[in-house]
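Two complexes, one shared chain (chain A), two partners (chain B, chain C).
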Partner chain A sequence: MKELDTSGYSCPEPVIMTKKALKDSPEGLIVIVDNRASKENVTRYATALGYSVETEEGKGNWKLKLSK
Partner chain B sequence: MRFAEKGKLAATGIIIGAAAVVLTLLGNPGNMGFCIACFLRDTAGALHLHTTPIVEYVRPEIIGIILGSFVLSLISGDFRPRGGSSPVLRFIIGFIVMIGALVFLGCPLRMVIRLGGGDLNALVGLVGFIAGIGCGCIFLNNGFTLGKAEKQTNVEGVALPFITVLLFVLFLAVPSLFLFSESGPGSMHAPVAVALLAGLIVGAAAERTRLCMAGGIRDIFIVRDFTLISGFVAIFIAVLIGNLIGGSFHLGFSDQPVSHSMHIWNFLGMFAVGLGSVLLGGCPLRQLILAGEGSSDSAMAVLGMIVGAAFAHNFSLASSANTGPGINGKVAVVAGIVILLAIASIVTIRERRKA
Partner chain C sequence: MEEVKLTSLVRSSGCNAKLPPGDLHKALDNLPIKRSEKLIEGFESSDDALVYDIGNGRVLIETVDFFPPMVDDPEVFGEIAAANAISDIYAMGGNPAIAMSLMCFPSCLDISVMRRIMEGAIRKCDEAGVVIAGGHTLSDREPKFGLAVTGFADKIWSNKGARPGDIAVLTKKLGVGLLMTAHKAGENDAKEAIIQMRTLNKKAKEAAEDLDIHAATDVTGFSLMGHGYEAAVASGITLLIESDKLKFLPGAEEAARFGFVPEGRYTNEDYLEDKVDVPESLPLYRRDMLFSPETSGGLLLFMSPLDAEKYLRRFPDAFIIGKAIEKEGKSVRVI
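Let's look at the complex of A and B:
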């Protein structure tokens, strides 16, 4: 599964980056976010598109696994 | 989960709306509640950065909002000192946002508060605000970014909240250092303790829910998401109900508190605020909250807004109530919009070349 690292970017850029990355790999994606706002925004966006989101908390960041 | 999030945002919106109504009843200027732009401007005046006698006061609401966000983010673990994402550009954009807000006479928060009081000039502002956000979203969708923020030390993250505490202590202990209006909006204020408490509550609630006046409209444009807008709508409804109960709802364009009816300038002023807010990643309120969470980038935007407010009064860019902007203000808003568009275009073209 492709990985997208959005660390350092803040709202709404991680969502836009996710939107673009999902166009290239609609089957699923791993998105790394480093702040709670982006974590919630990306999760909300992916859920709205019908992806299921698994969240794994790392050191100062979260790994969101988006899959259909 | 989506419902819960919207519920929390709506609750925050109601808290903000209620706080605005209560603060106005207790002495803050009409339809102002706690306008971020106006109160940063008053604080700049109190600090002698400008010397317009009617708008000088150290606003405890601003101090409370930054500290409310700071304390809550420390507790919740959201406090993460970050910075280095185009700090000078953020300063400039913050500066222009303030000019736009002072030509319209209010930040996005006050625009909604004015709408809730029946001020139709704010509706013209809202149209400009939406247009500005829409314009900013075109750049975002095409790759606009102010770049990556890097981790910073805790000293850097704490700097602005610390200055805020220092300012408040000096305000209480040595008030003679500051300038205070004897008449006009700057002389109208709620008791210090209530104002500070309202700021702390709003800061904490807005930190939790990430309420943003620009973000709600932006999310609708970019991802068709209606979550953030619920806070915006809730503020409007709370203020509207408060004004209807208190008998201070007056529908119309004329005789509205601290406002003018030069439609084109209300539109363009808020256009600059909308566009600038999208480029910064949030409205003036959100910049205060993010600065409290340790973002030195947002702290730069806040400093830009304070300096912008000082310039706005020193160079007669700000509108005066009833008569609207003078020639300086008109030129400044148009120039500000041109600069924002230039920054956004150049950055976007560069990013597209890279991609």
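Let's look at the complex of A and C:
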């Protein structure tokens, strides 16, 4: 699964990046987010598009696994 | 010089750029502030402006507000910043009169942009009957603009007079923060949000002038929940928000569902989490709409049911959001 690192970006940038990345890999994506707003917002975006989201907490970041 | 997009120069914008309330309290609570007998509302209250007794039953009201741009058109930004700054005077029941401008301006921008921001501000000030009498400008990487506004009143509306039985009325729709976040992402033209931000709270205030307003504030960066909480605590009541009565700008719900949620929504909730009561069953997007920052939002007015009826007839843009009840558990309860 492709990985997208949004660390260092603040909202709405990580959602825009996720939107673009999902166009290239509509089957699913791993998104790294480093703040709560990005974690919540990317999760909302993916859920609204019908993806299921698995969240794994790392050191100072989260790994969101978006899959259909 | 090539036209630079104003919003491309800033990290956060509008009232969303406010420092989170929790941090603010940590920094400012219990500072050794001196008191002045003539200061009716000062540092210790969370009201919208300072109120100073100038004698003969008159008071002076003063407020300051400035922020980074949320729109690219310099004139529209100037209008929004002015309408937002002046609003605090209306929220205290005053008539704004004079203002000083605060401008932070990047060297990469053509100086004509500054002029256009001022033109927008002056246009809005004219509409409010405010004269800009000077200001201060700094060179800064991020543009920011706003006003320090002075107004006068015979009788003020503070945020601490709400009584059980009062109706809570809001004069502008909610959802500006959500729509502007979607707008920043290129997902929404935010046309109605921009119109609403440019609209002065002048008419909303004037329609209430001969009514008995028990408490008032305006809804900006701390969201409906945050400003409602401040008024409820100051008044010693519980504010009951009836979520099905709230009105939102078109597109706000969709922006929330798709994750175009401003960061301030999360810091607002962090601060308020243990202070307000929101049912678990409330859909997430509704929660987003309650906690999202507003920019240049409406007046939140508390008045008797009879006055509320009169007010809604005079100012049909306004709507009831709930009511004040005897303090019971948390200061804000959403149903």
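By definition in this document, the second predicted complex is superposed on the first by the 68 of 68 C-alpha atoms of A that agree within 3 Å, B and C clash if a C-alpha of one lies under 4 Å from a C-alpha of the other, contacts with A are read in each partner's own complex, and residues count from 1 in each chain.
Basically, a contact is a pair of C-beta atoms (placed from the backbone, for glycine too) under 8 Å apart; a residue touches a chain by one contact, two chains touch by 3 or more.
Just so we're clear, the structure is a prediction, and the values are computed from it rather than from any experiment.
Aligning the two structures on chain A places chain B and chain C in a clash. Within the superposed three-chain model, A:Gly60 lies in touch with chain B and out of touch with chain C [touch as defined at top]. The wider contact with chain A, measured as residues touched, comes from B rather than the other of chain B and chain C. When the shared chain is aligned, chain B and chain C each come close enough to touch A:Tyr45. Once the two complexes are laid over each other on the shared chain, residue contacts for A:Ser10 go to chain B and to chain C alike. Of the two partner chains placed by the overlay, chain B and chain C both lie in contact with A:Arg36. In the superposition on chain A, A:Lys2 makes contact with neither chain B nor chain C. Clashing C-alpha atoms with chain C appear in just one stretch of chain B from the list 77-85, 149-157 or 239-247: 239-247.
Within chain A, the residues touching chain B in one complex and chain C in the other are 10-12, 15-16, 35-37, 40, 44-45, 48. Listing the residues of chain A that touch chain C in their complex gives 10-12, 15-16, 35-37, 40-45, 48.
Those residues of chain C lying in contact with chain A across their complex are 11-12, 181-182, 184-186, 256-263, 265-266, 284. Those residues of chain A lying in contact with chain B across their complex are 7-13, 15-16, 19, 34-37, 40, 44-45, 47-48, 60. The residues of chain B lying in touch with chain A in their complex are 1-2, 5, 78, 80, 82, 85, 140-141, 145, 148-150, 210, 215, 218-219, 222-225, 227, 281-282, 290, 295.
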